[in-house]
Amino acid sequence: MEFTHFDEEGRARMVNVGEKPDTERVAVARGFIEMKPETLKMIVEGRAKKGDVLAVSQVAGIMAAKETSRIIPMCHNIFLTGVDVKFQIYEDKSAIGVEARVTTVGKTGVEMEALTAVSVACLTIYDMCKAVDRGMVIKDICLMEKSGGKSGEYIRNENVFVKY
Amino acid sequence: MEFTHFDEEGRARMVNVGEKPDTERVAVARGFIEMKPETLKMIVEGRAKKGDVLAVSQVAGIMAAKETSRIIPMCHNIFLTGVDVKFQIYEDKSAIGVEARVTTVGKTGVEMEALTAVSVACLTIYDMCKAVDRGMVIKDICLMEKSGGKSGEYIRNENVFVKY
Amino acid sequence: MEFTHFDEEGRARMVNVGEKPDTERVAVARGFIEMKPETLKMIVEGRAKKGDVLAVSQVAGIMAAKETSRIIPMCHNIFLTGVDVKFQIYEDKSAIGVEARVTTVGKTGVEMEALTAVSVACLTIYDMCKAVDRGMVIKDICLMEKSGGKSGEYIRNENVFVKY
Amino acid sequence: MEFTHFDEEGRARMVNVGEKPDTERVAVARGFIEMKPETLKMIVEGRAKKGDVLAVSQVAGIMAAKETSRIIPMCHNIFLTGVDVKFQIYEDKSAIGVEARVTTVGKTGVEMEALTAVSVACLTIYDMCKAVDRGMVIKDICLMEKSGGKSGEYIRNENVFVKY
Amino acid sequence: MEFTHFDEEGRARMVNVGEKPDTERVAVARGFIEMKPETLKMIVEGRAKKGDVLAVSQVAGIMAAKETSRIIPMCHNIFLTGVDVKFQIYEDKSAIGVEARVTTVGKTGVEMEALTAVSVACLTIYDMCKAVDRGMVIKDICLMEKSGGKSGEYIRNENVFVKY
Amino acid sequence: MEFTHFDEEGRARMVNVGEKPDTERVAVARGFIEMKPETLKMIVEGRAKKGDVLAVSQVAGIMAAKETSRIIPMCHNIFLTGVDVKFQIYEDKSAIGVEARVTTVGKTGVEMEALTAVSVACLTIYDMCKAVDRGMVIKDICLMEKSGGKSGEYIRNENVFVKY
């Protein structure tokens, strides 16, 4: 088992994918941001009245997916065919769940694009709400599933790592 | 209590900080990435021999701090006076801790810059190791402390939110 | 009267503003996008129900203001203290008006930042609606007022140029 | 008739184009910038002698076409096969016309790339000349024609919208 | 013989490559940075002990290859399948050699990507060491070989230009 | 003597300059691109007739100066007060000399900005002419002088390194 991102001298490289075929690929990532109950309430109620935190977060997540190869050093710059960012409100846990689904037709997977979209969507929620709640915590960002490519399908066995 | 990032019509805006004085500001953020013990071992042993995952992650984190205002929609573009990204190995938890310390002299805080540096450093570790461990989880990214500016000092009361 | 953006050999340059004092500066720009009445109706009604075109446009405008020096070759890269993008619905003209107000404390004006924010906000409305209305027209983007700096205050005499 | 850029919950998304075939696509956009006659004269005469405003504007337009997916939130990042930006002097109207022609072979159209190139070329002319003419107005940016893709050919019926 | 980057009016353009077939392409570029012997010694010895200058330089070179179309105005934005940056220590010449190998499957060559990677890797070495050696010189950046595409194979006849 | 860009653990960092005073700073860098005599002739004659290679190169150099902190990992993002890029034709050496002069008022020097502007201007000349001359060589990019800041004035002793 070896890291593919290093050459024989231990220098990082952007792995050559030139011989991989173009296939349809999908990746879904997920994460959470935990906050005070009153912050969550402000976000939920604000959508209609005061200003839509999640609308800004979601635009940020989509734009970040497209920027992934510029943010993550060894990521290939690829054409994304679609990006979806969705939110779920967890009132019991006082948290918002963020899920990003990214698709491409190409030579590399889009796991990093999905994970980056989730991370940036969470960071943007933090930014929009930090004046009222500095203690928010971004939690459990992980890959939920992927398909396409040589490494085949991956579906997270939820129980192994994430104890949310 | 109100979100400052929205105007009276509920439209987002970049808050006007023109009347704030220039002060020295510091922010420290922290996060973790959990992985299989064998992945952690490969990272730790690799530094000397096979390739330095954390060196790449750290460069990515520093560069991301400088990109924050382009990634987070309502963040001000500011001059950073310093960025430090450090790692800690937690063998018992099979995780790597990432801490970013960002400083500026200016009109706005640098919490988002520190949180973005941590997030991107974690994402880069994921990217470098994903071929051997797709199940890694990024956890508990949060602000540890900040100082400077009108809202004054913040020090996380560790026990409230993060149950790591 | 001379263009300041060229040197004595006729080569463009980024004008040296090192000796200018830091002053408070404001610029307000405005523009319109004309469309079919049914497109305008869809945007206005959509805000509550189907999806908020103007929320996306407005985030794009704010982010573009921060990117101005990377888009416009001879623009200085400056710290913006605030950016506001507002919309007005003109049912009689079947158009949406976009106004951007940008502020800074620095050595150069922010006219280009305000004009870029308006342009990109209009382009984003076009993008979001083009599947239903390819004929939309972006019109009459101009500076409405500016203050601060050596060239002093500017207030558009509405009647001279724009015949909207 | 619906906006395709929103999902069933009214959240924006980058539309999935994964099933669209790769076809040759062309888009042509056009716009104008109106100015004082003496400003126009300075630009026209300057090309040979003092400095070439339009050369800078044109580089800016081409570079902006390539940046479109980073400026317009829901635009796909695509490979452009060609970008051409041309100018026409209208002495009677004291204006410069800008036309951008963008081509690709891919899954999405390039209307936004052509419109962005025109907008940024106009903004750059404004920037280069603003020291002598703050009242310039950017006018009538619109799509002139497109071909390729499922929605087929579009040719503007000049008389409907633009009354230039 | 003509420059292809200009149209019949002498305006620059991004050449249309839409009719070119997708082929495998490789480009290798090389350059050097000359420095004081003690600076070279610090870099070589530092890798293990004090901090790895070349690790940072190499990440910068890889990221720059991906940014080429945003840095070089008339370059097409293309998908790179692989980027490798390697270093060689020349103790006799008190210099570090940098070689970048870039691959793609596409319609345009990757010479500019390889040359940009080498340039930025050299600039980064300069930046990391400038506090101890301001006199470093970046030398002899050139294309060593390319293959693929209509213009076919190129292999530098070392003796013609570079007298290093 | 130590590299300041590494911390005690050998990890790179963006050096903290928060305690440095804001001073006026200037840096001048220079480089060359050597080419076939007929290529040089095409560039020189083209300016008036066929298309201005150096106009594009110069815009690219100025824009690159502003992008330096995004290209060079440990560079601070700073406000530049002015950027000038000039060319000199050396017919005897069949080369073009590029000189960049960058100024700021701030806490860090602008050597990297000047060196990056020169590098990118040279790369752009290569790009514009590569269809007729693949053998061009970029040579002897170095700092000519700097002033301002604690490290004081630097003036290159031309004879030591560059043997052009």
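Labels A, B, C, D, E and F are assigned to the chains in the order they are written; within every chain, residues are numbered from 1.
Following the convention adopted for this analysis, contacts are C-beta pairs under 8 Å (C-beta built on N, C-alpha and C of every residue); 3 or more make two chains touch, one makes a residue touch a chain.
Bear in mind that the values here come from a model prediction, so they are computed numbers and not experimental data.
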Worksheet item: Could you give the fewest steps needed to travel from subunit C to subunit D through chains in contact?
Response: 1
Worksheet entry | If a chain touches subunit E and subunit F alike, it appears here | B, D
Worksheet item: Quick check: more C-beta contact pairs in A-B or A-E?
Response: A-B
Worksheet entry | Interface sides of subunit D and subunit E: same vs different residues, half threshold | different
Response to the item:
Cα superposition of subunit C onto its copy subunit E, rotation angle rounded to the nearest 5 degrees, comes out at 180
Worksheet entry | Rounded Å distance, subunit A centre to subunit C centre (Cα mean) | 31
Worksheet item: Just how far, in Å, is the C-alpha centre of subunit F from the one of subunit A?
Response: 38
Worksheet item: So which stretches of subunit D touch two or more other chains?
Response: 7, 11-12, 52, 55-56, 59-60, 63, 67, 73-74, 79
Worksheet item: Taking touching chains as linked, do they make an open path (line), a single closed cycle (ring), a hub with spokes (star), an all-linked set (complete), or other?
Response: other
Discussion item. Per the touch rule above, enumerate the chain pairs that touch, sorted by label.
Written reply: A-B, A-C, A-D, A-E, B-C, B-E, B-F, C-D, C-F, D-E, D-F, E-F
Practice prompt. Provide the residue numbers of subunit D that touch subunit F in the complex, in ascending order.
Written response: 48, 52, 55-56, 59-60, 63
Worksheet item: Considering the complex alone, what residue numbers of subunit F touch subunit C?
Response: 24, 54-55, 58-59, 62-63, 65-67, 79-87, 103-105
Worksheet entry | Complex contacts: residues of subunit F adjacent to subunit B | 7, 9, 11-18, 69-70, 73-74, 76-79, 106-107
Worksheet item: Can you list the residues on subunit E that touch subunit F in the complex?
Response: 1-7, 10-12, 31, 34, 38, 42, 46, 49-53, 55-56, 59-60, 63-64, 67, 71-75, 111-112, 115-116, 119-120, 122-124, 126-132, 134-143, 146, 151, 154, 156-157, 160-162
